[in-house]
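Next come two complexes, and both contain chain A; in the first it sits with chain B, in the second with chain C.
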Partner chain A sequence: MKSLTITEIEQFLKSVEPEFDLRVPIRLHDGTRSLGGLNEGPLSLMGGKIPLKPTSVFFPQTERVFTRESDGEIKMEKPGEKPILVVGYTAEDADCLEFIDKFFSENFRDDLYFQKRDGSVIMVVSGKCGPDGGFLKIAGGKCDLELICDGERFIAQAYTEKGRQLEKKMKASKEVGDIDSLKKMSDELPDDDLKTIQKASELILAEKVPDAFWVEIGDRCIACTSCNYACPTCTCFEVYDRVHDGTTVRERMWDSCQLDGFMREASGHNPMGTEDIRTRRRIHHKLAADVTRWGHLTCYLCGRCDDACPTNIGIKSVSRMIVERYSQANEK
Partner chain B sequence: MAVETKTEKDKDSASLYRPVFCRIVRISDLTPTEKLFRIEMPEGRDLNQKPGQFVQVSILGLGEAPISVSSSPTRRGYFELGVRNAGALTNALHQLKVGDEVGIRGPFGTFFDVEKFKGKDMLLISGGCGLAPMRSLIQYCEDRRGEFGKTFVIYGAKAPADVLYKDELEIWQGSDIFETHVTVDNIPQGTCYDGHVGLITTLIPPLEIEPEKSIAVVVGPPVMYRFVIMELKKKGIREEQIVVSLERYMKCGVGKCGHCTIEHLYCCLDGPVFWFNEISNLRGAI
Partner chain C sequence: MKKTLTTCPYCGTGCMYYLVSDENNKITGIEPTANHPVSKNWVCVKGWNSFHFVNHPDRLKVPQIRKNGKMEQATWNEALDHVIARLREIRDKYGNDSIMFFSSAKTTNEENYLMMKLARAVFKTNNVDHCARLCHASTVVGLATTFGSGAMTNSISCVDEADLIFVTGSNTTEQHPLIGTRILNAVQKGAKLIVADNRKIRLARHAVLHLKHKNGTDVALANAMMNVIIGEGLEDKEFVANRTENYENLKKTVEKYTPEYAAEITGLKPEEIIEAARMFAKAKKAMIIYSMGITQHSHGVDNVKSMANLVMLTGNLGKPGTGVNPLRGQNNVQGACDMGALPNVYSGYQKVTEENIRARFEKAWGVENLPSNVGYTVTTAINAAAEGKLKAIYIMGENPMMSDPDQNHVREALEKLEFLVVQDIFPTPTAKFAHVVLPASSYAEKDGTFTSTERRVQRVRKAIDPPGQSRSDWEILCDVAERMGYKQMKYKNPGEIMDEIASVTPIYGGISFDRIDQLGLQWPCPDKNHPGTPVLHVGKFTRGLGLFCAVEYKPSMELPDKEYPFCLSTGRCYFHFHTGTMTRRSRILDREERFPFVEINTSDAKNLGIRNREYIMVATRRGEVKAMARVTDGIVPGVIFMTFHFEEGPANLLTINALDPEAKIPEYKVCAAKVRKIS
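Coming up: the complex of A and B.
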């Protein structure tokens, strides 16, 4: 069992830099954390989830679909030269990635997504390195390798062949670590939020949440779209063409179901024409529609929409309200 | 409705999002705002669509729009699109000439499951632009006569000038394969027209049908569905005997962009063709 210091992890990352396109947690000039290359800012493994939508590594905010030069040939985007190595997903982020892998492969395989995702390596960071000394859930799988912090060092746990190959390249000054007690701490983390969204999901599916509730919540939404743009399982996109000097570029860009222009019928009618319908859609999609479609919730409680929403109507807050107001009525 | 997964096929093709450039070989005017485009795939390939499916039409620089294939797969070597000049892309399409190329992706979506319709009496009911996708099924019934029972073609348009496929409607009216009824909602002053006037719902009560062996296929603007389906139910046709085709503006056509969802369903993937009982309880479906 390898137990590495932050410096040793940084040395390891430098050693694999020639082989991989690195996306590691870094601290930006303004003090916020993001995913980037080692040259873009100091490595920042402590502090928990990265505020940015972590799945943007494979599904970026904007990406090119193809280019057509004036010679008429369509050139699809080429995959990057090196496979992507991500460090710094949380266990919840790894759950989200597992779902969107399924989403982008089912029925039609989205080659734009998989040309980044195929061959990539995911390293989750967990344990005693959360914000304000908090404990981050241990993934225990769903990634190639996990770096579990015991408060001082990071214990490397490989789950896949790719992970094991990389683990071999890690030079650790210590070969022991107490993983069992860390796993126990992880198992004992409270699951109140999960219970809340599960209950909210049941209530929505049982039609116990009246339309008036969505009107009230919808009234609070200012359609800033932060919730969608931060959510690792939000996958909606817009497609548009740009023409410049005879070259046409088709791109896709994240879209938000909270915007009025999101949906149209050919007649011009908007089936999601009011704020309450759009707000219901945002919550209903993850807690009800996807349960029907995929058999499970598609919110993994990463916490980003609650952090991002300026009017405090992220999925956890809304779920809490639903449970407080409508579960008793349900039990009557 | 049935859907074929394209996963295996996609592995060979370059990209899900790459349009194939196809040549326009014939353009005809259907109405002052609608044109019919006959299009050929490269190297004489067939589109291999099923009746009721759609394609994503690209005009580079303007983007893509979903358009139903308006011709039956039984007519090989080409496919046809009936297009209303409704906005930026369709307007540009209307400016194209024979010999020009358009980008095509697809065919996509579910289809009228003709295997399940075999031996049934068919009520093919369409309103307005809905005749565009319906025509693929009408032509299919025409070419595979004998596979289906008594077949009714019921069509309603706003006014005589809006009637699509006038020449073909005349042929279907004269044919012994179909019992065809056409109506218009109203006749603007000064228009010469001697056909039936009234809402499409008025055409349904007089039909002599055997409800238990019938399938009704309904395609039209959202307002039409509720009233037509009410009339069909009065005739003894049950929800599970009714097929509808729904639409939402589609950006990808392959279940990824999220613009076409109806609760847990994707109109581009699980639709556009649905059995009515699959969607009748879904909020916002019609």
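Coming up: the complex of A and C.
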């Protein structure tokens, strides 16, 4: 069992840089943590989840679909030269990725997504390296390799062949680590948030949440779209063409169900024409519709929408309010 | 992949974020910063989409010169030589003051400083102004008179500390979204909110009191509130006695504004005014937030003075959680004012009429005989051009055809000019009248600073190279100066320009690119060790004592009548910005609001047989515009509202060219209009 220091991890990352397009946790100019190359900022393994939508690595805000030259020839986008290596997903992020892999391959396969995703390697970072010294849940799978922090060093756990190949390349000054006690700590992490959204989901499905509640929440939504743009399992996009000097470029960019234009019909009629219905849809989608469709919730409690929402109506906050007000125990 | 920390180019909130760019010199998205005191991990919808116009195919990429009535591509040398030659000719023939320079609140501080330096040091005219004339000129005049400093007194974070927030003439959640959300959060935590605005804006849904007073009656409302406060002895006697002057005059003036008297003017109930007055006066920390609803009137300065009177009377100044807080509309409209892109002051509001100040600038700039007469404003320049008195305008990043009142009047003025230079990033409706068009670079393609509404000077950074042959405004301006034979306008980079600004501008004295590398500083920041100033007027006003300026209510210039029975008010919507040149070229934003629209009350629409989303004609004495009816109870009967974003339905074809006598700001919020169905 390899147990690496941060310096050893950095050395390992440098050693694989020629083979991979690295997306590792770094600090940007003002200290904001992000995913990027080693040349974009100092490595920042401690601190937990990266604020940006982690799945943007494979599904960026905008991307080119194809270009059509003036002679009519269509050129599809080509995959990058090197496979992507992501370090720094949390266990929750790995859950989200597993879901959108399924989403983007179901019925019709999204080639643009899989151009980046195929061949990529995912390394989760977990253990005693959360924000303010907090403990991050251990994934125990759903990724190629996991770096579990014991407070000082990171123990490497490979789960796939790709992960094992990379583990071999890691040079560790220590080969032992107490993984069992860390796993025990992970198992003992509180699951209050999970219980809350599960309960909120049940209440929504049982139609216990009245329309008036959504009006109240919708009144606080300014349609900034940050909840969607931060959410790792939001996958909606808009497609548009631009013509540059005779060459048509088709691109796609993130869309948001919190916008009026998202569902507006050509007539101008909008079946989701008010904020309360749009807010209800946002929560309902992850906690009710997807439960029916996929058999599970599609919020994995990463907390990004709660962090990104300027008026505190992220999914955890809203779920808490639903449970407080409408669960039987609390019903007046 | 590269991530560049920069400041948003839309409103004056001053959010910072990262521009994400790829190896093909293209911006692919934005990423919020987690550490900024205002934006802290948040971005509004315009922010999220603020990169998308940058790569639009419409970008101007090559200089153009009008030849035989047609625009033809030219080299930079040809274009700039032509500019110089024509401006020289006009100056020699008609005099220095026959040329006007429009600076821009969209460009950086450094560029605004250079524009005013070019006008004053090189062309020897004080004819330099910018679009603050159209938004907060009333604030600059009104607050400078009452307090000695024409800017937001407090910081955005002060919203979190207020017990009572009085929002008037500001649709904050749409126009300054991340200030609006702070107000919403403050209300969630128990602060009281009063909204004075006759549109049912989002904030009104959260207000304890929503005052739907008639457009243009703000002075009557404020005077009546002060009448109640004084009558019930609720004024802050200590503050009034120790920190202010001219109180007796105010007291006497507001005597006649009883709630009943004001109710007749404002259309409010007397008890609503009384309740608002008591709540405001009794709050421990009350703040006023206002914007265009206060300033864009023929009595805009009076409105601003009334706001200042109200906070002085209740002692709500010089401490956190209080103050008079005008929200500046543009990313750098505060900075453009600070830089002296105004006809009466140099940078730092130093008056051109004062000899010792002129002498200081003459020395710093190595010139003689700087002009001492106050120049034209943006609005009076258009009037002067229409009258044939002004012969040439050099416009940097402004679009008067869309933004100024009475479009036909603006067209006439631009057509009469002997020479018009337009320096911009897109072919605007104004550029159609230009003799020379110079392609400039966008905010994502240059370095510099913007100053936000809370007086925070922040970095703007180059993420990608400008497209085609386009160049930064500062480089173009320096080139023009050099070709005019002026030697002291050469800089290696915008950091050097800021160093010069700091050396001649006391309130920016301590600002340098090094100091604001990660986070900006709030002026006044007089020296290199000064930490900046979050709250103004602590212990003492900039002018010494706060001056009560008693004002009487004056009706708007053109009120509804039999022929034109509606009051037309204009403004912006959430998804678009000003004349739409950038937001209408951003996919998601343009999709959200695609058509020119007019809000009309449900009962008015019913009476006229107008259906929702039906195209109707809106007419005033200036002309007629087709717009889509938005039938809503969010607006009161008798009032209609339009935005000025749409070239195909320009609200400013309808607005009246009536100006505040001091600030010269147009009355965009009130004119008489009629609507009719299209048969």
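By definition in this document, the second predicted complex is superposed on the first by the 327 of 332 C-alpha atoms of A that agree within 3 Å, B and C clash if a C-alpha of one lies under 4 Å from a C-alpha of the other, contacts with A are read in each partner's own complex, and residues count from 1 in each chain.
Rule of thumb we're sticking to: contacts are C-beta pairs under 8 Å (C-beta built on N, C-alpha and C of every residue); 3 or more make two chains touch, one makes a residue touch a chain.
Here the structure is a predicted model, which is why all the values come from computation and not from measurement.
Superposition model on chain A: chain B and chain C are shown accommodated side by side without a clash. In the superposition on chain A, A:D255 makes contact with both chain B and chain C.
In the superposed model, A:Y240 lies in contact with both chain B and chain C. In the superposition on chain A, contact is made by A:T225 with chain C only, not with chain B. Of the two partner chains placed by the overlay, only chain B lies in contact with A:R68; chain C stays clear of it. Of the two partner chains placed by the overlay, only chain B lies in contact with A:F108; chain C stays clear of it. Residue contacts after overlaying the shared chain place A:I179 against neither chain B nor chain C. Of the two partner chains placed by the overlay, only chain B lies in contact with A:I277; chain C stays clear of it. In the superposition on chain A, A:D290 contacts chain B only, with no contact to chain C.
Chain B and chain C never share a C-alpha pair closer than 11 Å once the two structures are laid over each other. Within chain A, the residues touched by chain B in the first complex and by chain C in the second are 238, 240, 243, 255. By the touch criterion given at the top, residues 28-34, 36-37, 40, 51-52, 56, 60-63, 219-220, 222-226, 229, 238, 240, 242-245, 253-256, 259-261, 268, 307-312 of chain A touch chain C in their complex. Per the touch definition, chain B reaches chain A in the complex via residues 3, 5-7, 10-11, 14-19, 60-64, 86, 129, 221-222, 247-249, 251-252, 254-265, 269, 284. Across the complex, chain C meets chain A through its residues 1-3, 5, 16, 18, 20, 28-36, 41-45, 47-48, 52, 55-57, 173-174, 177-178, 180-182, 184-185, 188, 202, 205-206, 517-519, 574, 587-588, 591-592, 613.
Residues of chain A that touch chain B in their complex: 65-66, 68, 74, 76, 103-112, 235-241, 243, 248, 250, 252, 255, 257, 262-267, 269, 271-272, 277, 284-285, 288-290, 292-293.
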